[in-house]
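Below, each structure is written out as structure tokens.
Next, two complexes with chain A in common: one pairs it with chain B, the other with chain C.
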Partner chain A sequence: MDSISYYLQTALNGILAGCIYALFAMGLTLIYGVLNFVNFAHGELIMWGAYFLFLFMGEPFGLPLYAAIPPALALTGCLGVAMDFSVFRPLRWANRLTLLIAAMGLSVFLRNAAQFFWGAEVRTYGLEVSAGTRFFGLYLTMPQMAIILVTLLCVGAVYLLFFRSRLGKSMRALSDNLDLARISGIDTKRAILAAWVISAVLAAIGGILLALDTNLSPEMGIINLIKAFAATLIGGVGNLWGALLGGLLIGLAENLGVLFISPGYKDGIAFVIMVIILLARPYVIVGERSD
Partner chain B sequence: MDLLLHLAVVVAIYSIFALSLNVEIGYTGLFNFGHVAFFAIGAYTSALLTLSGAPFAVGLLAGLAAAGVCGYLLSIPALKLQGDYFGIATLGFGEILRMVVSNEVWLTKGPMGLPGIPRPEILGFIFDTLPAYLALSACMALTTFAILAFVVLSPFGRALKAVRDDETAAEILGKNALRFKIKSFVIGSTFAGLAGVLWAHYTTFISPGDFTLTETILVLLIVVMGGKGTLPGPVLGAVALIFFQESVRFLRLPPEWTRLLGPLQQMVFGLLLVVLMVFRPEGIIRERGGRHGD
Partner chain C sequence: MKNLSALVAVIAAFSFAAAPSAQAADTIKIGAAFALSGSIAVYGEGFKKCIDLAVEEINAKGGIKGKKIEIVYEDNKSNPKDCVTAVRKLITVDRVPVIFGPAGSSNFMATAPVAQENKVVLLSAQGAAVGLTRAGDYIFRVFPSDTLQGPHLARLAMSMGYKKVPVMYVNNDWGLGLKDAFVEAYKKMGGTVTDIIAYDEKKTDYRTELLRASRGNPPAIVNLTYINEGAVQFKQAFEMGIKTQWLCGSAARAPKMVELAGKAAEGVIGTYPSVPQNTKAYQAFKEAYKKKYGDDKIPIFGDYNYDMVYVTAKAIEKGGYTADGIRKALPQAAKGYKGVTGDKTFDAERSPKFAEYGIWTVKDGKIEDYRK
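And now, the complex of A and B:
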């Protein structure tokens, strides 16, 4: 392979990774926007989404991939709602430290619950590995094509939901000002519930895509949480399109960065970018939220 | 008997670790989720120096200094962040540090770890028995307790609490909040380094696997369960949780259970954190005059 197509292939891999980070970051930033806290357990939604699919594809269900995805997404959505009902709703007006430690505890609990049931080992869905298809000298496998298509679909769906529906409007209102939204007669409970479902389903979709392309392990959530967070910081916290852009940038930077530094540090690139952004200014590319 | 002595040594080391986190999280309200990084820096610095022939005292002081300096360097970008963001930045730092330790094989031997770390030797006396090591770590824990008690009860400590409770008000009263936070973070990091040094010379073997997020969670749980923002809280938490954790390890269980025991124990810890936060966020010992549940 000549060097130009090698760089292009690396950039493509970066975009693929970036699509997945964008899905994680959009869910994280959505909950931040509506409830004003960083959900430390967001990574566990990513991981459980992937494991729910593993559950439905294995014994005793034995469903094929396409049939196992809907129940896996539905269950992750339920898990998101359950998190809110059991932990975050009772703490809605608690101080930040309390909320954050609770989220941390929840994350530890869920991560180890997955390890308890499925073990710490790295797993795959056991699908047949298909050879990549060649496009203009670049290789793309089936799961990778799915990553691009599904991300585009998700972004379209999020756009329609947030900017073209009543529910989306109420979520944006909450994100601007919770108290004001409530006294304006917006059904805040419904909007918060919807935010959790969307955040969890986006996490699950991203987790499943990642697991299809690579593999699954109980640690996959926490690693990606840091990247999703770096992506939201780049984009301006609470900003959906910023999260999308930030995710793509992190993916590109990671994959292109490995051309210059040891691959052992790949997972650290997002953190370094985060520090650089912080040293410069907390919100860069898309701009600050109005509050 | 040996088991009890072992437990006492671990309690002493974790008390230091927890007391150091308490300065940050309890007294200053800094959400440090990467505290284990400074424990690791202390452990690796002292281990590497003593393995290459330096005396224990040098390793100890270098370990403290390295942890403190790294704390200072991290605090400059990280303290630009408030609350949750600071939490994620420190969490990321913890992961990065483990990555460095795993990858810089020329220095740290990477995942193979450092075996044969010498027992401490001070003025010709070698602390190579359990009672001797207990005496050493108990002395260190008492010294730490005394120093940190002095710090948090002083006007400086009251200023930290003021910054925690209302940063704007503290600024208006002429306190430079950022400077207080940096000092608090450096103090916390330095004493975490001390705990790390003691840990390395106690187990005599360290590897990157000893310094994961799990350790941060344990020490966080120790602090919030015992009572953050109080002096005896972290010690009480350390006694309770270390006894729980280490005694489980000595139960004679069938081997097929032990694989499940680790995750199960972590599930209990995670659940404890959640339940505490929902029902008693102040922990066992309540901070006097502090603000709660607001």
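And now, the complex of A and C:
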């Protein structure tokens, strides 16, 4: 492999990782925007989404991939809503620290539940491994092309929903000021419900793409959540386009970073970025938002 | 004041109840801090099966001096922190004098100082890391150290004509120890290491690491990897069109790895501490395993766990059911003992003195011995 295509392939790897992070980050930032707290259980939506697909592709359903995706996404959407109803709704007016701890507890619970049903071992969807197609010296596999295409589609859909529909408008209003939105007669319950469904479905899409490209494991969510969190921080919490950009930036930074430093520190790059931003803007996790 | 003395009485009563004397009378308890959940529960289940088999056999023959062995399993959740918790619980609550330690060298090495400090014997049946038993004289292993495997892997690379290789390794005690042992031996034999790439465990994306290792199209890459990590890496390398001869250590040698990686694992070669399976002892073990569990696929390192129970039982018989007795009796009990996995004699570092190494490969989706 000559050196130009080596750099390009590294950049491509970065974009692929970035797309996945962006899908996770967009869901995370959406909930933050509307409800003003960081949902640390978002990683479990990623993982459950991927496992729901595994469920529908295996016995007793045995559905082919394309037919198993819609019910998997629907079920993850329901899980997102169930999370809200069971834990976050009763705590709607609690302070951020309470919400943070509740979300962490929920995350542990959901991770263990997945382990209970499917075991701790790593699994795959059992699709045949195939060599990638070569474009201009770069290798790209079918799941990877899907990652890029689906991410673009999701971004498009999210754009239309938020800036071209009434529902999106009400969600944006909520994100600006919950009380004011309520007074103005916006159906806040419906908007919050929609936010959970969209956030969960985006997580499931990302989780499924990630699992198609790699494997399934009960820990796949929590590992990637940290990257998604770093991405939302870069983009400014609550900002959808920022999350997209932040995801791509983290993906590129950690992959291109390997060219200069030992790959052993690859995961460290996202953490370093996160710590720097948290030092500069510590109000994000607990405390008041100043903007 | 009266209340206070009542409280003291209650506390005193409880502490007597917790004393081991009453319950220790009828069974011989051995602790086992195993991975029953978490990322390497894949292994833990298999170890448990083989331990249970050995215990059942010993108990059927009358146990140790008429007392039955009982294993107290404690889930170590596959991470160093919970491993320490599990071992502490076994020491303080169950008061066992001897513990079968966690798998995964980092996990085991986290618990070794705890056992050593509390003067409790800790054994490993699958820890290969070079410094595994360094915490002190209560720490033993029945699995050969990588100090022995590194040179074997280097010899394999040289014998196949690979005089220049990049080395990838999983960044933990096991990977680092084997990497060092390999690099040292390989350089001595005249080989050149072109790049050294450490990577983290449990990740889902190793493309960039693989890309860096495959720079300059090396004909062979040494990759000291695990089951899950190896599966992901071979799959991604295959998708990226990386054509090279993979040379691995023992930890990736598992049917699960091949199952996960599919045809991407074809042709991978590696070294492993080999256990001659044509011996009488091994056949009998295999037979007994099949009888109990219905299949003859012996779990990875299961045979070592089986031997560990027998060696420990012998030591308890010889030295008595105390930590000090077991510690002193273990070297004598193991000396010249021919277990399922061969001669279990300990060296000065409380590791097996002898080990044979074989070469494994993946052919038609199965792991088998490599033949040139």
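In the analysis below, the second predicted complex is superposed on the first by the 277 of 291 C-alpha atoms of A that agree within 3 Å, B and C clash if a C-alpha of one lies under 4 Å from a C-alpha of the other, contacts with A are read in each partner's own complex, and residues count from 1 in each chain.
Basically, a contact is a pair of C-beta atoms (placed from the backbone, for glycine too) under 8 Å apart; a residue touches a chain by one contact, two chains touch by 3 or more.
Model, not experiment: these values are computed from the prediction.
On the superposed chain A, the positions of chain B and chain C overlap enough to count as a clash.
Of the two partner chains placed by the overlay, only chain B lies in contact with A:90; chain C stays clear of it. Looking at the shared chain after the overlay, A:104 reaches chain B, while chain C stays out of its contact range.
Within the superposed three-chain model, A:121 lies in touch with chain C and out of touch with chain B [touch as defined at top]. Contacts of A:222 after superposition on the shared chain: chain B is touched, whereas chain C is not.
In the superposed model, A:6 lies in contact with chain C only, and not with chain B.
In the superposition on chain A, contact of A:186 is made with neither chain B nor chain C.
Of the two partner chains placed by superposition, only chain C is touched by A:130; chain B is not. Of the two partner chains placed by superposition, only chain C is touched by A:139; chain B is not.
Of the two partners, chain B and chain C, it is B that touches more residues of chain A. Legend: residue contacts after superposition of the two complexes on their common chain; A:243 is shown touching neither chain B nor chain C. For chain B, the stretch among 116-124, 152-160 or 170-178 that collides with chain C in the superposed model is 116-124. Judged by the document's definition of touching, chain A residues 115, 119-120, 223, 262, 264, 267 lie at the interface with chain B and also at the interface with chain C. Of all residues in chain C, only 37-39, 41-42, 78, 171, 197-200, 202-205, 207-209, 211-212, 214-217, 227-228, 231-232, 235-236, 238-241, 256, 260-264 touch chain A in the complex they form.
Taken in their complex, chain A has these residues touching chain C: 1, 6, 9-10, 13-14, 16-17, 115, 119-124, 128-132, 134, 139, 141, 210, 213-215, 217, 219-220, 223-224, 255, 258-259, 262-264, 266-267.
Interface residues of chain B facing chain A in the complex, by the touch rule stated above, are 25, 29, 31, 33, 76-78, 80-81, 83-85, 87-89, 91-93, 95-96, 99, 102-103, 213, 217, 220-221, 224, 259-260, 262-264, 266-267, 269-274, 276-278, 281, 291, 293-294. Considering their complex, residues 37-38, 40, 87, 90-91, 94-102, 104-113, 115-116, 119-120, 222-223, 225-226, 229-230, 233, 237, 262, 264-265, 267-268, 270-272, 274-275, 278-279, 282 of chain A touch chain B.
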